[in-house]
Amino acid sequence: MAEFLSLQDAVSRYISNGDTVAMEGFTHLIPFAAGHEIIRQEKRDLTLIRMTPDLIYDQMIGAGCAKKLIFSWGGNPGVGSLHRLRDAVEKGWPNKLEILEHSHAAMANAYEAGAAGLPLAVLRGYVGSDLPKVNDQIKFIECPFTGERLAAVPSVRPDVAVIHAQRADRKGNVLVEGIIGIQKEAVLAAKRSIVTVEEIVDDLGASVNACVIPSWAITAIAVAPRGSRPSYALGYYDRDNAFYQEWDGIARDRETFQAWLKENVFEKTAEEGAA
Amino acid sequence: MAEFLSLQDAVSRYISNGDTVAMEGFTHLIPFAAGHEIIRQEKRDLTLIRMTPDLIYDQMIGAGCAKKLIFSWGGNPGVGSLHRLRDAVEKGWPNKLEILEHSHAAMANAYEAGAAGLPLAVLRGYVGSDLPKVNDQIKFIECPFTGERLAAVPSVRPDVAVIHAQRADRKGNVLVEGIIGIQKEAVLAAKRSIVTVEEIVDDLGASVNACVIPSWAITAIAVAPRGSRPSYALGYYDRDNAFYQEWDGIARDRETFQAWLKENVFEKTAEEGAA
Amino acid sequence: MSLEFTSSEMMSITAARALNNDMTCFVGIGLPSEAANLARLTHAPDITLIYESGTLQTRPDVLPLSIGDGELCESALTTVSVPEMFRYWLQGGHISVGFLGTAQIDRFANLNTTLIGDYREPKVRLPGGGGAPEIATNAKEVFITVKHSKRTFVKDVDFVTTVGFGRDGKARDNVPNIGKGPTVVITDLCILKPDPETKELVVTSLHPGVTRDDVIEATGWEIRFADQLDTTPEPTAQELEVLRDLKARTKAHHSGQ
Amino acid sequence: MSLEFTSSEMMSITAARALNNDMTCFVGIGLPSEAANLARLTHAPDITLIYESGTLQTRPDVLPLSIGDGELCESALTTVSVPEMFRYWLQGGHISVGFLGTAQIDRFANLNTTLIGDYREPKVRLPGGGGAPEIATNAKEVFITVKHSKRTFVKDVDFVTTVGFGRDGKARDNVPNIGKGPTVVITDLCILKPDPETKELVVTSLHPGVTRDDVIEATGWEIRFADQLDTTPEPTAQELEVLRDLKARTKAHHSGQ
């Protein structure tokens, strides 16, 4: 059964320096409040996994939490580069960041395989691409029935998955709705999981085939209202597209970024951060 | 885009003698009306695929439509044997039936892989079982990352998939709700598909992450009210458990079965059959 | 003062007692389903029941006749596709107990639900594997419940549909990512558990009124008894009442009343 | 009488015209998304648009800033998980056209969105592959739209993120289950198509007012022109109006107004 904790306690108890952490949410429901709490608690040497690093990992990388990034598309969607990610990769600031990159299809399959308890995912992928030349985790197998050459990648099995969702009921069952991305897969693939939610309710109000993650498949739940801002939560608030555009200016410069981080993360508590 | 046809035309146009046909619906939404139409049109030499052959294939096998059955559990759920299936396997009546059997996990994975366009499915399965000794389609591969031995089975790629669903909208988008089984996978894995529905509506009334099969992924749609009786359609009518129990008596004897078939299938039209 | 009860009731109630509130139980149809729901309606109200039809955490009011009756879905937390059920929930390692029935079981708890006789010329063709082969290896442990008879308890099954501990008791040795396998078999006569070393099934408890000879007579191999042989506790009045109500409700429901 | 329009508008409108009502289009963010929605709002109202975030058959009123804006989901027929999107819908063979942008493109229509320079010591680090590598091989064909410049149109891309026809034009030969690859590239200057034999990109149509020299000047290799070189039809007043409305709505929406 999932344990109800404060965000501070959940992060402190279940994320350790050196862990492999997958924080997911495909554009929608990105767990920013949890990311900020990780920054505040100055977690270090994390291997961060995420299909689209987005602003959340740009912030965590810029704050020095990460030593390695596994990803498949590292930009500010519709805006441009992730400047903190680039600064870490290109200039080693604030520390050298190792990267391992995939395609979306491979990462989606790798999460799916992780949730399915398998060591590998098989896909028709990477044909003609140079990515296998720079990522030694991409291999090829031969189908024993047809002889077709197919790509194989290791499944994603993080130490901790962190996602944000609309709501949990009082037993800790969680509803994820809208663009569900690979959040359920991330939770099921991980050894431990932290789910932040907009609210706790008596009844999830879920339809019969809704994406509900049962309490017994989750480690900890923390209430974090507006916990995915500037991303969004369908039915609660919209994506703050203007902030995504502003971020380009904030992140471009190390000092502007550090000032932003101080004001908006370090000088806030987990509770304030959400508001 | 899906074509709206009568059930008679859909079966006549898209199912041919010798085809490989997957009729799915996991206990729920079994496409009985379509099965009866196949019997009426005296289709022959079909390779039938279905996880749980159930009464629908017992009837089709007894009526002489099948030359081969690929399945993973061949019983009358909660009641006992499928006597027509056993008669065909054990005594060759009305014709010899070749069987190829899997476990549920393997077939579910094989449908999933078929929907995913892959030639094979990989699973942690068949450990210690004798099934691989009698099914030469079960192979084992070695994970290139961990060295673990995993089972591999060919994906299911039928000529035709037939399913029943609650409703379609006027463009031919189909809602499947409740126990969704592997119906979507069957349709996506097949070259052609026939979907029977309880009704056509203006608006599917589907929730945001509902199991909706888009019109452009379906070949033909036929209206067949009560088209899954004695199985059921959530929101429309209940499973006729009493008939499942009666079937044991009907199917046990060749003559009783033939009388039933004459009265309930051959002397009915597609329209009457449903009522 | 002793209550009146049948050996079938004794079996179901004993099987139900093997389950507890914290378990996530992948339930086979028939006897396992009866026992699992009885547990839920008595001492384990929060047990998580999962059926292979995709119904997660279901709470049916009557016993389902099939693995996919409507009520399983209507009373579930949510219902997922069958591929997801087998991939994410079973193979993904979320099932603590797989609860199975069988047609034949041998001394190493291998199960046969495929056929009696030879595969190509079967004497009796049975339904086949269904979910069992992977439930037995992917669940953390397996409980089995089945009526005790010489036809069912055979020295060697005709066909290993579902592995217990293999023909030699060693089938799970050194296999990565595999569950513990069968940890208890509950029949209408007794409770059996695998010997920790050899994995051969050993009687650990006799049901009230059952003798060693009854078990020997109903078993197709030279059955061993544990040094410390217990007597299974009798059903309580409450257990019997809940079980009988459940079965009466179920019968009325499925006969269309 | 000629309308006033920019070369960007010419590009988007020409790209939109490449699409038709019967297509199932997997849409990349940015220019492809603009063109695909313009097509839907003009001559192809029933075109099926799919974004990798899982939104099937979506009809957004404004252009999404990201691949997963809320409106994509709210206006979709249904929204599936990202693994399902890539497995069932893309790899499963249901996409007729993959519509991509790029940072670099070479003469064999290979795309680079990974980096400029050397992989270990990049001069410029770009976002990476995203959905493109498998869209390009699993969709039945690929359309590309990108602004024409010497920096973008290079003889050989620094890194083949996404295969067009490979370094030698032969990368798709004898590969089973692979799409036709890029069939058209639409820029702000012209339309290019692969030579049926060599697969080298050839200019087949110049946009109104654009000269051969303009294209030669903006291309990093010795660009060839088709024997039958067309002039791309001008935008219509209706196309321009719909495009400008769409962009104005989008801008107002994303700046939080």
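Per-chain numbering from 1; labels A, B, C and D assigned in written order.
Throughout what follows, contacts are C-beta pairs under 8 Å (C-beta built on N, C-alpha and C of every residue); 3 or more make two chains touch, one makes a residue touch a chain.
Chain by chain, the UniProt names read as follows: A, B, C, D = 3-oxoadipate CoA-transferase.
No experiment lies behind these values; they were computed from the predicted model shown.
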Open item on the list: If you average the CA coordinates per chain, which chain's centre is most distant from that of chain C?
Closed with: D
TODO: Tell me which of B-C and A-C has more C-beta pairs in contact.
DONE: B-C
- [ ] Quick one: report the Å distance separating chain A from chain D, using the average Cα coordinate of each chain.
- [x] 28
Task: Distance from chain D to chain B - Cα centre to Cα centre, in angstrom - done: 40
- [ ] Specify, in ascending order, the residues of chain D that touch 2 or more different other chains.
- [x] 73-74, 79-80, 87, 91, 138, 177
Open item on the list: Give me the residue numbers in chain A that touch at least two other chains, ranges are fine.
Closed with: 112, 117-118, 123-124, 146, 148, 178, 180, 184-185, 208-211, 234
Open item on the list: Once the touch criterion is applied, which pairs of chains come out as touching?
Closed with: A-B, A-C, A-D, B-C, B-D
TODO: Note which residues of chain B are touching chain A in the complex, please.
DONE: 117-120, 122-124, 137, 139, 141, 143-146, 148, 150, 152, 154, 177-178, 180, 207-211, 234
Open item on the list: Under the definition above, what is the set of chain A residues touching chain D in their complex?
Closed with: 26-28, 51-52, 71-75, 77-79, 81-82, 85-86, 89-90, 101-106, 108-109, 111-112, 123-131, 134, 146, 148, 178-182, 184-185, 211, 232, 234, 238-242, 244-245
Open item on the list: Using the touch definition from the top, list the residues of chain C that touch chain A in their complex.
Closed with: 24, 48, 56-57, 73-74, 77-80, 87-88, 91-94, 138, 177
Open item on the list: List the residues on chain D that touch chain A in their complex, please.
Closed with: 29-30, 52-55, 64-70, 72-74, 79-83, 85-87, 90-91, 110, 114, 119, 122, 125-134, 137-138, 159-163, 166, 171-172, 175-178, 253-256
Open item on the list: With touch defined as at the start, can you tell me which chain B residues reach chain D in the complex?
Closed with: 112, 115-118, 173, 184-185, 188, 206, 208-212, 214, 216-217
